[in-house]
Each structure stands twice: as structure tokens, then as C-alpha cells.
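One chain, chain A, links the two complexes that follow: it is found with chain B in the first and with chain C in the second.
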Partner chain A sequence: MKLYIKLVSASIRSRMQYKMNFIFSMVSYGVIMMIDFVLLAAILNRFGQIKGWNIYEVGILYAISSISLSLYRTLAPELHEFEKYIIEGEFDSLLIRPVSPLVLLLSKNLDLSRIGGILQGILILCLSLYGLSQEQELIYIAAYLPVILVCGCAISYSLALFTATLAFWTQRIKDFQTFTLYAPFNAANYPMNIYPGWLKMIFFTVIPVAFINYVPMLYLLQKGGSLYFLLLPIFVAALFFYVSLKFWNYGIQFYHSTGT
Partner chain B sequence: MVYWLLFRKSFSRNMQYRLSHLINNAASAIFGFVYIAIWSAVLTGKEQNSPFSIMDMTFYMGASQCILWMTVFLTAGLGIQLGVRNGSISLELARPTNYFFYITSQEAGRIGYNALFRSLPIGLIFTITVGFYIPAHLPTYGYTLLSVLLAVGISLNIFYLIGISSCWTTEISWAHFINLTLMFSLGGQMVPLTFLPGPLSLVAEWLPFAGVVYYPVMIFLEKASLSVLLIQAGWFLVLLLLNQWITFLARQKIEIQGG
Partner chain C sequence: MIEAHQLRKCFKIYKSKKGTLGSMLSLFSGEYEEKNAVDSISFKINEGEFVGYIGPNGAGKSTTIKMLSGILHPTSGKVTVLGIDPQKHRKKLAQRIGIVFGQRTQLWWDLPVKDSFEILKHMYKIEDRAYQKFLKHYDDLLDIGQFLHTPVRKLSLGQRMRADLAAAMIHNPPVLFLDEPTIGLDIVAKHKIRDFLQEMNKAEKKTVILTTHDMDDIEQLCSRVIVINQGRKILDGTLEKLRTHIGLPSILTVTYEYLPKPNELEGIERAECTGRKCTIVYDRSKISSPVLLREISKWGTPLDIQMTEPDIEEVIQNIY
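Here is the complex of A and B:
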């Protein structure tokens, strides 16, 4: 952990050499990400609600999904770009060091521009909580939010690690990422009860994005479920993290250098 | 003809990645299903207040997912910025060809590939699962083809404009990102422009982004008048002339640097 903090702080210092670029990219990223939600708000403003979920409730789902993904993109940009390590043979250089290649990948770089995504998520979350505070008690949601966000980040990271591992066989993973990260997280911005059965089955099992926000919020927003729904995200995040780590350790045995 | 040759070579190069593209098609279809589900949920019981029925929106989303691969998911800056960074643009500008057509014909080859191996399979997935609109009138097919060609023309010009701007800015990633966001939001990919709040809807209908997704889809669905083709053609010509002029300026700038 000490080593990780040291490596990450070095990465932050190097990024801060270009402060204006950092601020501009962070703000632009946040503003641009927000346009999606503004469009959704325009629809809901006209039509009222979406299968029993009003704009503030959808806003909470949207914010949690958005913050979780942005946290992962901030902390693990090299894992996200892992295919370049395989295609260009850079993975060799990580294997010869006396530290786990996964720790090296995580500590090598931080994508601070993605903090803009986190900030826009926090802004939408605050606005949505404020809107809901007129109608119901929010103390339980506020208290449980840190747990939800940690679980959300862990699930995103696990899905990304699983996808990155595929590179040991397929080399390229960009197309898989659309399938395992972009499309599911886009879907997780909205309540799961709007999707047809087969899509719901995917989002509750193999790509478990429903547990990032929908499942705990069902209970916290008093839309159904039981206290047990608050424990499920922790269990699913731990299980998926363990499985993806095992898969990574298995996949790494199949790595072949490019010889370049 | 050299541009036709570049088109064919680019098409063939993309054929190498058919398998991974087929996987991506499934993800594109999931995006479409997500949007269809959102609109079905939003419109259930409220269709009488909407210019689109649930079925209309299903067809709209299916068609827009198909056209995205021909007009929105193009190469960032058409790759021009790479040539600016490594200096190869000076050689490319010196060739006895029109630089604009030299670059865009290569991207057009990729678009041709996308039409066959991305748009068509995605359309087939929607046809099998939720249905795909079949125009009732024969001329609609011709108008749709014309509208799609104009949409491709507008899009190529916008992407080229961003790419050639790298002669002055070097970095275009944020311009590309902003362009994509505008194409998604003001292009009507997720929300048809008629659903946008009043003034924004009015302005958006006159912007080039509407010609990239919204108008071709609306013409295909037989929900737009043919006058929108004039808006598309107008933007295509304006952007084409603008790009010729900016390419002229870029050539002068590069020549001065190399002298």
C-alpha cells in the first residue's frame, strides 16, 4: 500500500506540471457528460416519470453509475488501455519488476481529467437528493452512499479487469469494452424495471451493474425489497472482484511476448 | 482513379477486423435496446400526448443506431492530426492530388465497410427482435439514400475540419470529444429534436448536426418533408467550401514552416 501511494503521488505530481490542461480537460469532461442527463431531464420534464421513477430518483441512479465508472476511469486508466501493453509488447517490462504487474498498472498513471465525471455525478446527486428531500427522509441514503460508491467502483474495476484479461488471448479488447463496460453502464443510468427480461438477466448476473445502484436504491427509496438488498452489492462486488482476480492470474500464464 | 483506389484499399483494410466488429455490433444493438426500453417506459400510457408512438420510437432508435456507424463513429480528425505531429502532412500536401479528397476517400472506404459490416448486421438484429420500419412509398428509398449520402458528406466535412485544425492547434482530442457530444445530443440520436425544449429544438433543426442523424432517420420513417434535404445540402456545400479554403491556408502554413 505504501508503495502504491508513493507511485500514485509521483503520477499526480507529473500531471500537475500542466495545471491549465488538467483544469480545462476536467471541466470539459464533466460538462459534456452532463448533457446526457440534461436530455433525460428534458424528456422526464415533458412526460413526468419513467415506470414509477421520477426525475430525482433516476438522477440518483444516474449519479451513482456515473461516479462509479468515473472513479474507476480515474484510478485505473492503464488497465483500461491494457491492449497497448499486449500489442506493443510493453507488458514484458512490468513482468520483470519485483512488484505485481497489476499494482504497477494501477500505480503507473491516474487520469485526473475523469474527476470532472465524478464532480458532475456529485452535482446531479446533490440536486436529486435536494429534490427528494421535500418528499422523504434521506438520512439512510446519505449514510449508505459511501458503501454504494465503493461497491460500484469495485464492480466496475472487476468488469474492467475481466475484460483486460481477455487481451491475453485476443490482444485487442476495445470492442469487448463496449460490451462489458460502456453499454451496461449506460443501461445502469436508468431503472432496471424498464428493460426486457433477457437484458435484466444479463445485468443481474454476468454483468452485474444492477447491484451498483438499482438494487440498494429499491429498498432505500421504499420501492420494494428488504434490508437484505443493502448487503447484496457488497457480496456481489466481493465475489466479482475475487473471480476477476483469479481470472487475471489464470490469463497471465497465457501471455506471449511480441518479441519486438 | 486514385480516390477510388484509396476507397477500396481502406475498405479491404477494415475487412481484417470483421470478427471483433461483429462483437461490437452486439454492443451497439444493446445500446439501441436500452434506448428503446427507455422510450417504451416513458411513452407507455402517454402516446396521445406525443408525436411519436412507442412503435415509432422503436423504429427511430433502430434506424439511428444503424446510421451512427456511417456518420458519427468516424476516425477522430480523420487521422490528419497524426500526420501533423510526425510531419508527414507536408509530403501529403505536396502530392499532386486534392488533399481533402485524398483524406476523405480513405475514410469513405471505412464508411462503406461500416455500412456493410456494422449498419446492416445491426439493422438485421433489430429486424429479427423488435422489427424495422419498411417505407410505404417507393420514392422514400431514393430520398433516404440521398439524405444518408448528404449526412455522410456533412460528417466527413466536420471531422475533416477538426482534423485540419491540428495544423494550428496540434491537439484535437477535446474538439473531437465536443463534436461527438454535439452530434449525439443535437443530432437527435437519443432524443428526437421535436422533444427538445422549444427554442433549443428550433435552433437544433437548423444546425449541421441535425443533418447527420435526425433528418436521414426522419426521411426514412416518412416523418419529414423533403425540404430538410435542402438544409442538408446547404450545410454540405458550406462545409465543403470552408474546408477547401482552410486546406489552402494550411498548405501555405506548412510550406512556410518547411521553407
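Here is the complex of A and C:
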């Protein structure tokens, strides 16, 4: 942990060497986020109600999915950009250290400009909770949210780790990320019952984004879930993280490196 | 101390077809060529040896080093370093070896050298006293003190290499893997690095494996040479043995004032003249450069003389 803090502060310091670039990326990302938010508001306004989920409830789903993904993007940008380590052979320099390469990857960089995504999510979350507060008790939702978000972040990290591992064979992973991260997380912005059976099947199994928000919210918003729905995300996150880690450790031996 | 037994690394090279569609199809076709980057290489290196590991580009030098350090997993064969299996206990081994890749710095590019050292200090769990001793010691040997507070990206190549070497020694490892540590350096910088490596080997008894393209590195440093070509070991022995195998061919290019009249001469392997320009390939171990210069000035009046140092890759490729 001490090493992690040391490394992260080093990465921030090296970031600050290019102050203008940092400020610019933060601002531009913020602007993109605002446009995204306006679009969402327009869509939500139009829908009113989707398959029994009202605008505020969808807002909560959207916020949780968005915060989870942004948390991961903030904490693990180097894992997200993992293909550059493979293509440029830079992964070598992580493997010569007496520390796990995953720890080194995590600590190599923090993408602070992604905090905009987290803030946007929190804003939507607050608005939605406020809207719902007229109708029902929110104390349980608010109390359980941190657990949900941690699990959500863990699930997105595991998915990303799984995707990154593919790079040991395929070199490039950008195209996979569309299928394993972007699309599923976009889908998770809305309740799962709007999707056809086969797609739902995927989101409940191989790409378990349903557990990030939909499953626990079924219970918390009293849409017919049982109490154990609250424990499922923890279980799924732990399982997926474990499986991804195993896969990563298996994939590492197929690392090719590059010639000099 | 370092042992490789029938070490082999096979890379699959997928055949990709032309165009977007072709490249997508080749994803599924699974057609590939197998290429042994390293092919049944065995050797045993004892404590305190200084081994030059040489061969042409693409011979498998770096691949071997990467297997020794646990970065790559061999397709077959066995390797142990300090009694440790590098693939199974990579982290444990990393604590006991130092690695330098000449082509790529291991330091934090945007941070001052000192910050990189501090990070490594934590990474390798080095105590304060040992760390202070390290700074002092390597300032003496490599003069790192003068650029300790400069960001790595602002260092000259020579300074950067010295910083990289010091960084590889921070945890005082008994074994050093150096992959082309003198590449691109000027003569003065090369000298400094060589003196340093000699000191490491002689005074601190470190075992060193060095890959290089520089014949002088090998002559001045290595007590033993292993030559590989196309993944196979073709020579393993002392420098003397290497010399008797390949000689010391050098190239002299001379431009004459008038058309020259070349003579046969003991030690000259080849002399090709096109017009007023002659390219002479000679063996330095059979004829010394001053003698040769005297001889060739008898052929005509030289206007311009250029000497090319023997290029080890070329020599090796020509011979085998």
C-alpha cells in the first residue's frame, strides 16, 4: 500500500510536468460529460416510463453504471490502455520488478480527468434520489450504495482485466473493449427487462453487468427481488475478479515481447 | 549459478492476408509459421564469470535474456538462475538480479533521477542506511551525483545509461543481465561504462551476462563468449577461441589521387578497386594497421583513408 501511494504520487508528479495538457484534458472531458448529461436528460424526459421503471429509477441505474465505469477509468487507465504495453513491448519493464505487474499498472497512472464522469454520475444520482424521495424511504438505498459502487467498480475492473489478458494473444484489444466494456455498460444504463432473452442471458453470466445495478435495485426499489439480491453483486464481483486474475496469470506466459 | 538446458522459444507468426477482409479472415484461418527464436541452447555460467552473449540482430540474444529473467516463458527446456526457476518465482528472482535494457530506460521518464531511485528503494524494500551507502558508492563509480536532480528525459544518453546502471544495482544483486548497455554511446561514455562493469565484476564479484554489438566491449570485458546465430549456439569459449575462429577482419577504404596498382599482401583478404577507390578487407591479427598503411601508400598517393571497425554481426553471418 505504501508502495502504491509512492508510485501514484510519482505518476501525478510526472503528470504535472505538463500542466497545460492536464488542465486542457480535464476541461475538455468535463464539456463532453455535460453534453452527455443533457442528452440523457432529454431521453429520460421523453420516455417517462420504461417497463415499469420511472425516470428517477432509471436515473439511479444510469448513475451507478456510469460511476462504476468512471471509477475504473480513473483508477486503472493503464490497464485500459494495456495494448500499448504489448505492442511496444513495454510490459518487459513491469516484469523485471519484484512486484506484481498488476500493482505496477494500477499505480502507474491515475486518470484524474475521468473524475468528471464520477461527478456527473453523482449529480444524476442525487437528482434521482431527490425525485424518488417523494414516494418512498431511501435510507436503505443510500446506505447500501457504497457497497454497490465498490462491487460495480470491481466488476468493471475484472471485465477490463479479462479483456486486457486477451492482448497476450491478439496484441490489440481496442475492438474487444467495445464488446466487453462500452456496450455492456451502455446497456446497463437501462433496466435489464427491456432486453431480449439472449442478451439478458449474456448480461447475467459472461458479462455480468446486470449485477452492478439492476439486481440490487430490484430489491431496493421493491420490484420483486429477494433480500439475497443484495449479496449477489458481492459474490459475483469476487468470483469474476478471481476468474479474471487466474486468466491473467495464465495469459502472462504467452507474452511475446518485442524485438529490440 | 545460471543454467540453461535445451532452452527453446518458439514464436508463432500468423500469416495475415491483404486488406481488411483478409486480415479478418486470417483471425480464423489459424495459418501460421513457427519460428524458433531460440533453439536448444544450453550453457552453464559460474559465479564471477563475465560472459559476452553475441550474435547478429534477431539471433535470439534478447529472447534468451528475457527467458533468464522470467519475462518470457520458454516453449521447452529448463532454466535456473541462482537456483531459482525464473518463470515460477519471477518476483523472488527479480529481487536478486539486475537488468538493464540499453534501448529502453527503466527509470521514470518525467521524474528526477533521485525520485526514481526512491521509488525503487521502496519497491525492493531497501533500508535507509543501505540506500545512503548506495548513493555514495555509485556517485563515486558513475558520477551520478551531478544529475541526481535532473528529470530523466533531460539527461544525455550517456548519463541516462549510467543512471540506469545504478538503478539496476540498487538492491545489490549478485547477477547482472545487460542487454546492449553501450548502444549509441560515444567513446568517452563507453569507457566509463566499461570501467564500471569491470569494477562490478572484479571487485564486487558479480556475475554478468552482456549482449553487445561492440567488439571492443567484448575484448575488454568478457572472459568468455557465447555466440549464437538464428537461435542456435555456435560457439562457446574464451575470447581467444573466438579470435581463432573469426579472426579480426577490418575494412580500410582508400581513395587515391591516380589509379592505384594493388599488390598481393599477406594479411589482406580482399582488395577491390573501382576506379580510384579501393576497399581492403584485412585481418588485424595478421597485419597491423600501420604496416598496412605503409604498404598501401606504395600503390599510389592516397587522398583519403577511412577505417571501419569490424562489425561483429556481419563477420558472424559471413562465417556461419
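The working rule: the second predicted complex is superposed on the first by the 231 of 260 C-alpha atoms of A that agree within 3 Å, B and C clash if a C-alpha of one lies under 4 Å from a C-alpha of the other, contacts with A are read in each partner's own complex, and residues count from 1 in each chain.
Definition applied: a residue touches a chain if its C-beta (ideal position, glycine included) is under 8 Å from a C-beta of that chain, and two chains touch if they have at least 3 such contacts.
Note that the structure is predicted; figures quoted are calculated from it, not measured.
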With the two complexes superposed on chain A, say which partner A:L95 touches: chain B (first), chain C (second), both, or neither.
second
May I ask you to decide whether A:Q136 touches chain B, chain C, both, or neither, giving the answer as first, second, both or neither?
neither
Quick check for you: in the superposed arrangement, does A:T205 touch first (chain B), second (chain C), both or neither?
neither
Superposed model, chain A: greater residue contact from chain B or chain C:
B
Applying the touch criterion given at the start, work out whether A:A187 contacts chain B, chain C, both or neither, answering first, second, both or neither.
first
Per the contact definition in the header, classify A:Q222: touching chain B only (first), chain C only (second), both, or neither.
neither
Considering only touches as defined above, state whether A:H256 meets chain B (first), chain C (second), both or neither.
second
Which bits of chain A are touching chain B when the two form their complex?
24-25, 28-29, 32, 35-36, 39, 42-48, 50-51, 170, 172, 174-176, 178-179, 182-184, 186-187, 190, 194-196, 199
Touching residues of chain C toward chain A in the complex: what are they?
11, 57-58, 62-63, 66, 69-73, 87, 90-92, 94-95, 99, 101, 103-104, 106, 108-111, 115, 118-119, 122-124, 151, 179-180
Please give the residue numbers of chain A that touch chain C in the complex, ascending.
2-3, 6-7, 10, 13-14, 17-18, 90, 92-93, 95-100, 253-257, 259-260
Within the complex, chain A is touched by chain B residues 20-21, 23-24, 26-28, 30-31, 33-34, 37-38, 40-44, 46, 49-50, 174, 177-178, 181, 185, 190-191, 195-197
